[in-house]
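Each of the next two complexes has subunit A plus one other chain: subunit B in the first, subunit C in the second.
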Partner chain A sequence: MDLGFIAQYLLNGIVLGVIYAMVAVGFTLFFGVLDVIKFSHGDVVMAGAFTALATYAGLELLGLGYPTFAAVFITLAGIAAMALLGALLAKFLILPLRNAPPLNTLLITLMFGLALRESVRLFYPNGSNPKPFPQLLPDLSLSLGNLELRFDSVLLIIVGLGAIIGVHMLIERSRIGLAIRAVAQDPETARLMGINFERVVLATFGLGSALAALAGVTNGLYYSEVNFGMGLLLGVIGFSAAVVGGLGSLYGAIIGGFLFAALQTIGAVWFSVPAYKDVFAFACIIALMAWKPTGLLAAKSAERV
Partner chain B sequence: MKRHYVTLITLLFMLGVAGCASDDKETVKVAFIGPLTGGVSANGLGGRNSAELAIRLQNADSSSKYKYELVALDDECKPNIGVQVATKVAADKHIVAGVTHYCSAVAMGTVDVYHKFGLPVVVWGAVLPDITYGNDYAEVHRVNGTMINQNEVAADFMLQQGYKTWAVVHDTTDYGKGHNRYFSKFVIDKGGRIVGTFGVSADQQDFNAELTKVKELDPDVIYFGGLAPTGVRLRSQMEKLGINAVFQGTSGIVSDAFIDGLGPLAEGVLAFREGAPVEKLPGGESFLSQYQQQDFGEPPEAYGAFAFAAANLIIDAIEKVGPDRKLVMQELNATRDHDSVVGPVTFDEHGQNTVALITRYVIQDGKWVVWEESEYASGKRKLPGS
Partner chain C sequence: MPITNRSYWPVVASAVFAAVFVLLFLYLEEQWEIAVLAVGLVAALYSAVRFGFLGRIEAAASDHPRTTIVVNFVAALAVIVLLRGEHFALLMLATVFLYVTVCLGLTIQFGYTGIVNFAGIAFFGIGAYTTAVLTAHTGVPHLLVIIIAGLVAGLIGSVLILPLLRTRGHYAALVTIAFGILFRTFLEVSDVLGGPQGLKVPGMQILGWSLNDNISLGPLGSVSFYASYAVVALLLAAGAYILVKRLERSWIGLNLDAIRTDETAAASFGIDVPRWKIFAFTVGNCLAGFAGAVYAMMSGFIAPASFNFGDSLLLVSIVLLGGSGNPLGVLPAALLVVVLPEKLQIIQEYRFLLFAVLVILILRFRPEGLLPRKMREYFAAWSRS
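Here is the complex of A and B:
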């Protein structure tokens, strides 16, 4: 196979991997801090993309639809709205159920996701149809042999990786990050040390949901299209990526995301019927989980006792 | 005992009053089923409006024996939803007949339901041959043609233009698989070569991996067997990967929604559809002007005229034999050279109308233009890769 094509597959896979990793990091954050699985996460990705889309419609009405400005503005709007939504979700749905069986949290977030999805479908104008997402990034590309290197793909990879690294730095280096890590290790002791437990939980959910919004906008800009059901598969893929990488581990989520994208790309290249690529990818995930039930990089077991 | 008589008499009296209060014409219900939401909803809404137009025109006619009411339901272009609404319609004894389905995968699932409940239906948009030919249900009819003819004409036409190699991308529903089967067969028989075939799921978003493989195979033409939303994604991602091949679609992408979704990228896309363009049909001009007068808000789209014709066939049958499913079905089966907006309709023993004419389309300046009238045919513009 020509080197250009290999590079092209690699580039396609990396964009997908960045999107999946952003979703997976959210799952892993929530699980790490509060031991909950938030199944509405995929729909938050979708809601983030739709918030950005609605913001763009507003900007256009105001005559402010300059591509670069709009791209930055709608991304920030989506991120801010979803960070707020994530924090509200934690405060009113997840924290009150903290002492209930984990199954209840799982169910309530599943229901919330469904409600969010159906609301967009019913209340967003013409929401049940796929929506064209504005092409705001410059349409530049470089043909290197058989590789079509597009500026927007490269930019999305840089921004996505930057965001993931940013979250990582925040957790490792900042005071709030220290508090998040403390709560993740032992909520009771952390509280005794004077850490505001609720605030840490809200911050974590805000952070994870902001990343989900970025994933949603990236997805919209990359494919030039969003639809109300896009969160469903993204949520499942993000969750699988987080689990296979090891729930609770940030690196695990990133590895899981890229692994899933790689499996999908390999599946599409190998099989004559590319529709089987998801079957192939999920089958590999099942095999991996049978081999390493706690994930490739399991969270340190000390946290779990 | 006496009390019971009183109740009975009161009841009868009330029924009598209710009977008098209603219109002097009996109301007859006709169902319409199509995709009113989802990616191909533009076609569904155009079809619904066209069927509604037939009903309104009939109700406005004072010589009409009955008052008609259209019950429009949404199949979302999903087989499972389609079977649900088909069962709902078929189980409703007040509904006499139905104008049903744009999506072939849905129609394939619902024909059994119509047969079981004995509801006569006229398909208005789905093109898979098996809907009429795959069974011997007397209930199922179709006014539009099948995908067999359009793919034969497509293969002939493309070979004439000098193209030699194809990569086929089709969705894995019965619809997409049917297109793949017939087009591949015709194009290979006639001397073309297929370098690769890719089945993709109908709601798939990412085609980069498939298209990178297509780029490697370097075909003259990408043949796409599927519906408009998937087609939009495929065409735009093709551009992003810098693939310079002709995009050849089927009747499934002949819709304004396809052009709206792509903008300038739609230029030079080819497609084939059975039947003449609406404005060239015998009753096309009057159909379009009456459609405009009704203020529907959505255009009739590529299959509106067929839905209009299907609704009229049903209305004519009911006017003749009365609102009885069995009689209407027999009347429909006996349709020979029935005058309609899409030309004379004749059903064969499978209830299939013969639509011999296939129109070739190319998108030019954001419009579906008949090939012979386009600047591509006159040589003023060139298709990509030629």
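Here is the complex of A and C:
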């Protein structure tokens, strides 16, 4: 195997890693502020991609389908719609269940995800079939031996990494970020300090879901295809990445996302049947959980009885 | 006050009511009739809880545990006998009993011990695939095949024990979710196990009697071969129910409950937490494996598409819908979840959507399930004396 092939695998793995990391950051944010797992997250990714697709159809009808403008506009539309959806979900399904057993929250969001998936399948025109996603990024590529350096992959990596860094800066440097960190550390005390708990939770869910929408659009642009079922696996992968990295840790989620992409890539190279890559990746995840039960980066804490 | 045993009539009445209900549910064809019945079931359960009938029935049932099981078993048999010619209705009934068996296994794992298992359908599938392989390549008697299938499911489940024991909460949930997806993907790509096309399974034979033959009763018409499978599935579900009930009442059940309520406190009282977690997890998976074996023989064909992650969620929802930890609640919940979408053709296309909305509403407004579990009561008379 020559260097070009390895570089090609590496590049594909990095694009996947960026997408997974964006999904995983959402999981870790939600867990940070509310200690909940929002399992509809993968389907929010899917819904974000479909919102972008629908917006593109609208733009074309209006005769505004210029590639660069459309790419930016539909991404923003998907992000805005999903941020709203995330906040609504938090307000009406997750916050009311705060005192219920955690499994109930997990299940209610799973069911919400199922409802979202089914709604797209049933109500999006011809939604049960895979839909082609418009090729909006310039189709340039650079051939270096066996490596085909696609311009759009590089752009997607830059945008994705930029978004993750942006979220990180937002959380570390801004006022709302300070509030999010305060709530994550101790909701009661944060309230005593005059932080509007509900607003912070809604903002966090909006932020995480916006990132999910970006992941969905990235996924659509990279594979040029979206389908209603794509969210389930993406959600589980994002969840795995967040858990392996350590729930509640932003760096953990990023490391987890790239780790999962690396495992999949290794699996694809290693086995002659590429389909074994998911079997391999998930088996590694189970083994990792046995080795590091609280994730790679999670803080060790004694349990209060 | 003298301690008297209450009459067992409430138990009989409820069994008859349930039997008539199930019969109508499976027999009726008109869409509006089924819709009325479904709404009626929820309303009846709700009013039974609200006006205390349920309390009376449960109290009577706990006074007469054996009578309860016998009466309900006879009622279920009666339903099978009355439906003897209806292939589809019996197939659904048998499926409900198999789902009940798996969910009783989940009740031990999740309802009592607090181990969330999001791979229920995977262990069901392991049972089914074990059956397919054993019946195709060996001459092992079929009853033994069912037992081996259950044991294999338990054995393969032990791979997950180490990660499950070390993790908690959401982290533990990930372990089973990852396993469920891994299993499904593995089936799809494994050529030995038929890949996406799946495997054929021969019908069950017990002591030379093939269950796949219709039984002719001369002038009385013929009995669908699904009736035999429904009886087998019923026996399995009844066995699982007795096992779960006995476990709950025993000191083992007490240990399991203690572990669910507070692991650390349980350990400090000398309960061997890992041992009972392994026990609960393995027994639950074995039950799923048994049910999977019968399912494989009944449907004659198995493919990866029947063992989706979504089906595991369906199983968990049945347990939560029925009332986590209450084996009695599993039956109406399984009936609703399995039969309703099949019967309501109007909603066929929309069934998953409606099902999702239904579960969301239940979790939101009645999180303890349709039939919440009662406090354990060792000496029923104490509370009344």
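The definition used in the following text is that the second predicted complex is superposed on the first by the 298 of 305 C-alpha atoms of A that agree within 3 Å, B and C clash if a C-alpha of one lies under 4 Å from a C-alpha of the other, contacts with A are read in each partner's own complex, and residues count from 1 in each chain.
FYI, a residue touches a chain if its C-beta (ideal position, glycine included) is under 8 Å from a C-beta of that chain, and two chains touch if they have at least 3 such contacts.
Since the model is a prediction, treat every value here as computed from it, not as a measurement.
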Touch count on subunit A, higher of subunit B and subunit C: C
Which of subunit B and subunit C A:A115 touches, first, second, both or neither: second
First, second, both or neither for A:A275, with subunit B first and subunit C second: both
First (subunit B), second (subunit C), both or neither touched by A:I285: second
Subunit B versus subunit C as contact partner of A:N129, first or second or both or neither: first
A:P102 touches, of subunit B and subunit C: first, second, both or neither? second
Partner chain in contact with A:F31 - subunit B first, subunit C second, else both or neither: second
Subunit B versus subunit C as contact partner of A:L192, first or second or both or neither: neither
Subunit A residues contacted in one complex by subunit B, in the other by subunit C: 273, 275, 278
Contact footprint of subunit A on subunit B as seen in their complex: 37-39, 41, 172, 197-201, 203-206, 208-210, 212-213, 215-216, 229, 232-233, 236-237, 240-242, 260-261
Residue ranges of subunit A touching subunit B (in the complex, touch as defined): 1-2, 5, 8-9, 12-13, 16, 128-130, 132, 141, 143, 146, 148, 150, 223-225, 229-230, 264-265, 268-269, 272-275, 277-278
Sites on subunit A touched by subunit C in the complex: 31, 37, 93, 96-97, 100-104, 106-108, 110-112, 114-115, 118-119, 122, 232-233, 236, 239-240, 243, 247, 273, 275-276, 278-279, 282-283, 285-287, 289-290, 293-295, 303, 305
Parts of subunit C lying in touch with subunit A, wherever the complex brings them together: 110, 116, 159-160, 162-163, 166-171, 173-175, 177-179, 181-182, 185-186, 188-189, 262, 264-265, 309-310, 313, 316-317, 320, 349-350, 352-353, 355-357, 359-360, 363-364, 367
